[in-house]
Amino acid sequence: MKPISRYPVPKLADLPQDIRSRIEAVQEKAGFVPNVFLALAHRPDEFRAFFAYHDALMDKQGGLTKAEREMIVVATSAANQCQYCVVAHGAILRVRAKDPHIADQVAANYRKADITPKQRAMLDFAMKVSRQAEEVGDDDFERLRKHGFGDEDIWDIAAVSAFFAMSNRLANFTTMRPNDEFYLMGRVAAPAAPAPRAEPAAR
Amino acid sequence: MKPISRYPVPKLADLPQDIRSRIEAVQEKAGFVPNVFLALAHRPDEFRAFFAYHDALMDKQGGLTKAEREMIVVATSAANQCQYCVVAHGAILRVRAKDPHIADQVAANYRKADITPKQRAMLDFAMKVSRQAEEVGDDDFERLRKHGFGDEDIWDIAAVSAFFAMSNRLANFTTMRPNDEFYLMGRVAAPAAPAPRAEPAAR
Amino acid sequence: MKPISRYPVPKLADLPQDIRSRIEAVQEKAGFVPNVFLALAHRPDEFRAFFAYHDALMDKQGGLTKAEREMIVVATSAANQCQYCVVAHGAILRVRAKDPHIADQVAANYRKADITPKQRAMLDFAMKVSRQAEEVGDDDFERLRKHGFGDEDIWDIAAVSAFFAMSNRLANFTTMRPNDEFYLMGRVAAPAAPAPRAEPAAR
Amino acid sequence: MKPISRYPVPKLADLPQDIRSRIEAVQEKAGFVPNVFLALAHRPDEFRAFFAYHDALMDKQGGLTKAEREMIVVATSAANQCQYCVVAHGAILRVRAKDPHIADQVAANYRKADITPKQRAMLDFAMKVSRQAEEVGDDDFERLRKHGFGDEDIWDIAAVSAFFAMSNRLANFTTMRPNDEFYLMGRVAAPAAPAPRAEPAAR
Amino acid sequence: MKPISRYPVPKLADLPQDIRSRIEAVQEKAGFVPNVFLALAHRPDEFRAFFAYHDALMDKQGGLTKAEREMIVVATSAANQCQYCVVAHGAILRVRAKDPHIADQVAANYRKADITPKQRAMLDFAMKVSRQAEEVGDDDFERLRKHGFGDEDIWDIAAVSAFFAMSNRLANFTTMRPNDEFYLMGRVAAPAAPAPRAEPAAR
Amino acid sequence: MKPISRYPVPKLADLPQDIRSRIEAVQEKAGFVPNVFLALAHRPDEFRAFFAYHDALMDKQGGLTKAEREMIVVATSAANQCQYCVVAHGAILRVRAKDPHIADQVAANYRKADITPKQRAMLDFAMKVSRQAEEVGDDDFERLRKHGFGDEDIWDIAAVSAFFAMSNRLANFTTMRPNDEFYLMGRVAAPAAPAPRAEPAAR
């Protein structure tokens, strides 16, 4: 199997205690360690800052639901062709939205996804921040306010988009590999029999 | 639920017999009617030409495996942001390749997918045909020949890429909707118990 | 002289009867065999589907005149830098529109061509389908309806644009060469003395 | 008929004597006044500088033939979608190259035109200057020297490309209209009967 | 130190008298010879036309202030990544506008610069001429007229943008080097004792 | 004067103690508070993570000099049109490199800057991470290793580029304003008597 990252991946036992605890907590909750934790642990200080930032944006309270924040991640990561982020956050989006189709829709073309007009406006703005932030201006804020977003919500949209602009680049230059577990997560009702090499049903 | 197409979708009973037979054959084999058949049936002559072309390229014998042809479809359709094609042909790719992860990998960033160097060269060329065909030249043919592709294989790669350049545009302007069945196809070993609120993957 | 295609071109005598008949009919009408017929005859099944599709779109009745359909071909083929399509369909456009200048205008910059505002809207949409189909949405349909286009007309515009997105790529990867006959067609009042190596007119 | 320019076009009689003489000389030689002379005469000082620059580049002796300089104009003007320049300089290219097809080939896709490998290298460089001059570097000079271009030739290629980068923009913002005379120039052996509304040739 | 240009730079004494006089006049006024004069003197006829054009656009009377014309130069040259033009005309802009910050602001992102809404509209249009002149149309003229620009002002904006489209390309292919003097010009109140050879303009 | 950010900027006295201490330390060292500290203090948790990340990348030991890291910031921020980052980090680059010209050169076109071939390779890679990270591959690593960069250096280059991909977007959506002090910093030898409010750092 291909490696998790083109850089060395430390063993849990060799990591500083705070990083180890953080990883063990995730493992307990998710049932596995998402590879981004292992790949970034190669640089402990950057690991700490990365996840502090991530949590500040993705776990906070606010006008955006957690599913909406994941929509932003998936839409912008798809535009940036970040395999890790599309696969991993696609899984989280399915779980958060309790919708097995939404991630594939948003990744392929968010304009065709089963989302509300307000969410469409949110994603249009997130994409502008991701791809042409230099052109963001007052008009964009006006448009979002008309959809009911407050200025703090707009900060959230932009900041999530900006954070994953960084994330996507980190994953792409390290060739970070998504865990197999993500592919089926949120797609089926139960652990079931998700074959890593599924025999295709007859067609 | 959102409609299959922004254009009227004919009833099976109202269709010319040849089109109806074609659709019924697909339905029998797949267990459902992929929406592209219904959406394009709005224009019977175009339907006939479209599927004749499709079959000439996708069902023929040749140097490319069926899975490889689907890889081309998924990679170029992702670049063209065609939701229908990524979701539907992603399913077919999983089935053909007997690999539950390959389609999501190729759609997100084919350069990071679990494919051979020869397949990488195939997709690099398919993407060039899809996005900058005007720059295709002798160098591209040389590169592919070095990977062991014959000139007829190269035609196949280019023609599949070109055909889906058309297909992607048809699906995008009609807002063609992928069937729910596609999302889980090729991902799980058996019909099993699908996800929360998921449309059942009856197959 | 450079070859018609970088692939082998079959002799008429070696072709299946239906393809041969089709080619002979064109030859009788046009006075020569357009190279696209010979280049694509290398793949009989694809040839049949290609021309069936072409005729379904270009020869049908409908709200768009034949000249308007050719305008779409020339504008989008110029954007895709398809030499064969610009030269060959430029000729057909001149003939259909009975206007010796229109093709060169549309190919260079359709926004400056001698066309109606309705035709400008048609070409704006055709170009969007050709270059950013993923962004086509309800607004585009509204704009066209305001210019008097019905939804079936809009399908025609989009489908012609999509078909030539394929065509342009086929011509570019095969390096398909336009026949000399096309260059002067529709430019002069009579067969006259169109020198293949014309001595320049006085200047 | 549409105007020559969206700006006022002065009468010959109202122009300063030097500009008038220049225009009359062109008229005598070409048989008509190319519209660029009339459109730019709206600004006499700019007119003088423009044509002084033009002549310094296009009429000079040097390693490039006059036809080659016109190839550069046609290829870069097509990329910049300048209708005036493609039509007018397309005509001059046909005359200079004594080739009725070359201009349409170069305008559509210069990579497919009937030109030498050295001319292809020339146009590749001219296009880089036109579209990504910021990336021009030593490698480009090396490549051209290998094809036999001297450094003064390279200056000529780049300067012609740069001058028409300006020209194309002037023509586009003024909506400068090419004279009808250009369309047929260099295409037919003799003045003949070039119908302004040509009846289509038999097809 | 790196050379002024990748081409030979003539000695003043070897230049034709008119060019020499022109250069000496600049030197007397500015305190040094801007390198563009030396680099272009390699081609005397082009030198003459270039500066005649430059002066016709930059020194003329009209609705745009000299500072505004320099804003156009700096904004479009930054987009074209022209080091010489950004550094040299950045200096002139600071001097003309009597503002030590304006050039760096306009070069980095003119949308964020301390300029008026009318100047913003001016730069939006200049950038469109510089980057997508083929799309300039009546709407652009309407927008500028609403901001109080007359049609002759619009010509000025477009012509300055077009002239520097050429200039930027000349500087980039010759690797023209900005004089050290420009970097500090217009930034400090007095000659002072500062950086190497800086020749601050009065402020 | 225009505001520092389009969002509210907290007073120092109202900030959590750790943030206040951090800001006061910077103020003591630099002589003023860079606006990024005030703008981001609107979100204390994001502030903490942002600066922890920043310091982990910019203040660490390693194969890249501090000046080289700032070159990466300036080059990529210019491409992203981030006014705050170009002006502020341009200042820091001048100070770190003890070169009053380097920042303006790198911002305008780093390919023309007075840097070593190794630094040019570094910036080529940083730009690829910033603009097309999805295409980064083994070849890029090989190229950098040939220039003497180790894999940890390459991580540093990529991570700085990625971090400022985020930073640039944050500054652009908040319309973050660079302090006046940055414009002259590193340009003049001594505090002197320079332009309004300029506060040069020691050099």
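Labels A, B, C, D, E and F are assigned to the chains in the order they are written; within every chain, residues are numbered from 1.
Following the convention adopted for this analysis, contacts are C-beta pairs under 8 Å (C-beta built on N, C-alpha and C of every residue); 3 or more make two chains touch, one makes a residue touch a chain.
These numbers were taken from a predicted model, which means no experiment stands behind them.
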Count the residue numbers both chain C and chain D use at their shared interface, divide by all numbers used there, and answer same if that is over half, different if under half.
-> same
Outermost chain relative to chain F, judged by CA means, is C
What is the chain whose Cα centroid lies farthest from the Cα centroid of chain D?
-> A
When the C-alpha atoms of chain B and chain F are each averaged to a single point, how far apart are the two points in Å?
-> 45
Mean-CA-position distance for chain B and chain A (Å) | 26
Multi-partner residues in chain C (2 or more other chains touched) are 81-82, 109, 134, 172
Full enumeration of touching chain pairs | A-B, A-C, A-E, A-F, B-C, B-D, B-F, C-D, C-E, D-E, D-F, E-F
Interfacial residue positions of chain C with respect to chain E in the complex = 109, 111
Per the touch rule above, chain F residues touching chain B in the complex are 134-135, 137
What residues on chain C touch chain B, complex-wise?
-> 6-7, 42-43, 45-46, 48-50, 52-53, 56-57, 60, 80-82, 129-130, 133-134, 136, 141, 151, 154-155, 158-159, 161-163, 165-170, 172-174
Residue positions on chain A within touch of chain B in the complex are 2, 78, 81-83, 86-87, 90, 94, 98-101, 104-105, 107-109, 112-114, 172, 175, 177, 180, 183-184, 186-190, 192-201, 203
